[in-house]
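Here the chain labels run A, B and C in written order, and each chain numbers its own residues starting at 1.
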């Protein structure tokens, strides 16, 4: 039962924080909310007994990707854009459509996954796997057993995708004209006076 | 013509392996070369190297002999049957033509980064893997590989706002549709416990939910609505990728803003592979669920054809016109997809092959006509830029006219033949209303094609636009395509036999 | 004698070979281009005369028949053959194309090579329409004729309005034809093949027949043209170059009636009987309305265009009378209309080449300076009215007799239309030929030269022969039309 409560807690935090990522004005806040959503999804994964994957989430997503985002936001000095005016216009329509889809999903999913038909309760919706008590793998061992033997090709393709991402990032940002970085703008140099340079 | 390669007989994915390894090698080689010699202009030689690599991988595909049909390779995640063989062959040869055609474009537009070619090769690798994928995970990874290459290809010109805009739009829409695919496949995995297409087929071979005939009058013990639900998501994500109405709104912006060589690729090459995936999922694995999505597809078909026909009427730029024409063509292909018989798969594949070849012709004409006095530096040709092409380059104008009549589906061209084959399958399944509407809309669509012909020939202006002459290599390729076109009408038996053989393999459960 | 049985495919392919040969000749060598095109089309005409000579008049089956495999796996084959009905249409086509090429000898200077290739390709398609024995191929050739005609109207037309005319021509015909395409697909699905002789043995249910008849009607009615969908004809005729108008009036309008005879009647007989009153009504409206409209026109070509509509609607009345006399009259009237309307367009072409205007008010008193021309003009005006002694009279007489058997009111109304025909034709001739020379507009008048006389001479001869001794033509048609009518009633 406690697993249930924790699942709902983590899910609500995940939903709310991912919503806040796109709603807040300040970029740093939105990245911090992104980090919170990653951590709560790692928590859900912990509850599903995938501890390796959860820790990998935290290491890769939070430790690498979110930190990368933070660096970029820091260096680019993004101004906060006040775009509150026209977001509210689409909210009712989007809420109706989203509500319709959500009800449909919940109805269909709820019909299919009835694990305990005798005790239809909101809180006691747990499912007990007897075989796991006898013979368990740790998750990292099972991932290794499957990914590197049965799904090797998929692993290699995923590696290819990452290679492609690296090449893409380099292609889109590289500036092969190295000499132009160090150009002098004479006008700017000559128009300095001590009033706009010296900070006392 | 088969060369015995004894050592490599059982390596099923030899073409993809070769392509992947040579791509990695090319990346390393070019990077080190660039750094060492201070970034020389190597994109032309890399293009020819890429052509060589593609040609050799096509040769490896052709050489396969299909000997490993009954074995389960790579844990049954890769299937190597006639469908994958033929679609890989078609996609490989199309990409080969594309690469050779865009060579003058790359040199004249100063796309100086060699990675352009490598990205195209990555996309082709993704398409090869997509054609021979046998489960949802491989399909998703292959789609991601191909899509990621295309996102970057769309935004390759960094100085142009249009290009960057197109890249971002494509990226967001593509990521969204891939996530829909993932959601659908996770639902399918949740219900069935497997992601393999063969196992789906074994599980659902006698299940016909949603149909009202006598097969399923007994009370089924299992409620299939979640499976249908997952299938809907997968279907929508694949329809997004094909730019079919009502999921087409990204296509005009993306296709217009990308550099023309990239648009050439987008419009011609990936559609066949995505249709192969659609056929595998919806005709091979889940054929019983046909009735639940059939009318949904019919509505999408009618909408696509109407949007494609009416949308193209007010376009003033050539690229947007061609985008809307490809939207309507995908609508016609979906008519054959929604008919549900063996002949319909055969005609669908015929239609796709002819569509790809005619798309190749039209887009290569678009790329090869380069304006001489282009002081505005505009890339997207207005319709009036083609004026008097009949006088300045009359062979190209004749070719353009022939291909346009084929694209419009007008006799006596091969486009007419495949279009009536598609309508024939719809008539066979008694979908008369759909055929009536689509045939009337095709007449409306014919108008903008003959408007192009009018601009080529009929205008009585005194001075037309000047174009650079076409190089010898491109003209050889174009004339080869022209004769292939003319020949295909006189003897289309080859096309029909080819597609019939493919359709027999896909439809084992019908 | 050895190769007589293959002559039809040779006739079919010869214009195409001529077009291919022409494409290899450089465009600057105009005289060579013209002579090769003319020789090729004349050779085709001579060969088609062999078709007539060796035609067996005592059988009603398809003669000179050949079969080529196209897509064997889909049961689609290319079979060609001639019977009494199509023989004269083929002859008309092969006669009119050299005449057209001769008519445009001096007036087309720009893009001559493309023009000649377009005409020869169109000849190929036209002969194909009339001799092919397969429904799908009929449709393919039927539609393919639009492409060269579209180019001819659009490129060599006379003024800016040609683009609009070309669009009208193309899109009107296409819209009607796609409905026919649906019916063809349905027929192919039901029967399994589109071979004509197999289709004759098949019978459809009455409801199917009615729907499919209507779809075929939509396509053929635009070509005939019948009244609501006749709007493309005046535009296309006026804007096309002279030779384009000649071939349009001479042959392309016959495609509609030929399609009715060949396909609507045998395949859907009950629907034909069911819809006959509807067709009668539309044809009569067509005759009367267009005849009245022709009186008010001020453009010479437009008047002739409207007379074409009226004559073709009369042919429709004759067709739907469902007896041998009406049917033979319809075919004969089509043929004579082919001669007469082509000649009338050539007449306007002669005067247009000289003065570059088509307005009637600029012309007057031409008999003083161009007597031979006026003589020919008079002869063909009289044929247009239907003077006895010309082919039109025979055709009209047979049609009116045949439709009198079917429905007297229709006969009465269409005869009234023919009287109005006399009205505008005579008025037109009077204004142009007689009266005073309008020297305030034109100063130089030149009579017709040898080339122009040569293009009128075969048409003159043909009309005269048809008027005096029509049995030359009717002999070959008898058996086929008899078989057709019996087939329908069976």
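By our rule, contacts are C-beta pairs under 8 Å (C-beta built on N, C-alpha and C of every residue); 3 or more make two chains touch, one makes a residue touch a chain.
Owing to the predicted nature of the structure, the values given are computational and were not obtained by experimental measurement.
Asks: Which chain lies at the heart of the structure, taking centres as C-alpha averages?
Replies: Chain closest to the assembly's C-alpha mean: B.
Asks: Based on CA centres, what chain would you say lies at the far end from chain B?
Replies: Relative to chain B, the chain with the farthest C-alpha centre is C.
Asks: Rounded to a whole Å, what is the gap between the Cα centroids of chain A and chain B?
Replies: 32
Asks: Rounded to the nearest whole Å, what is the centre-to-centre distance of chain B and chain C, using the mean of the C-alpha atoms as each centre?
Replies: 44
Asks: How big is the gap, in whole Å, between where the Cα atoms of chain A centre and where those of chain C centre?
Replies: Between these chains, centre-to-centre, one finds 73 Å.
Asks: Using the touch rule from the top, collect the residues of chain B that touch chain C in their complex.
Replies: 405, 410-412, 416, 420, 423-424, 427-428, 432, 435-436, 439-440, 442-443, 446-447, 450, 453-454, 457-458, 460, 491-493, 496-497, 500
Asks: Considering the complex alone, what residue numbers of chain A touch chain B?
Replies: 104-105, 108-109, 111-113, 149-154, 156-158, 160-161, 163-165, 167-168, 170-172, 174, 176
Asks: Given the complex with chain A, which residues does chain B contribute to the contact?
Replies: Per the stated touch rule, the residues are 13, 20, 24, 27, 34, 39, 74-75, 77-78, 112-113, 115, 118-119, 122, 125, 129, 137-138, 141-142, 144-145, 148-149, 151-152, 155-156, 158, 190-191, 223, 225-226, 229.
Asks: For chain C, which residues count as touching chain B in their complex?
Replies: Touching chain B from chain C are residues 70-74, 139-141, 143-144, 147, 150-151, 154-155, 160, 162-163, 166-167, 170-171, 174-175, 178-179, 181-182, 185-186, 188-189.
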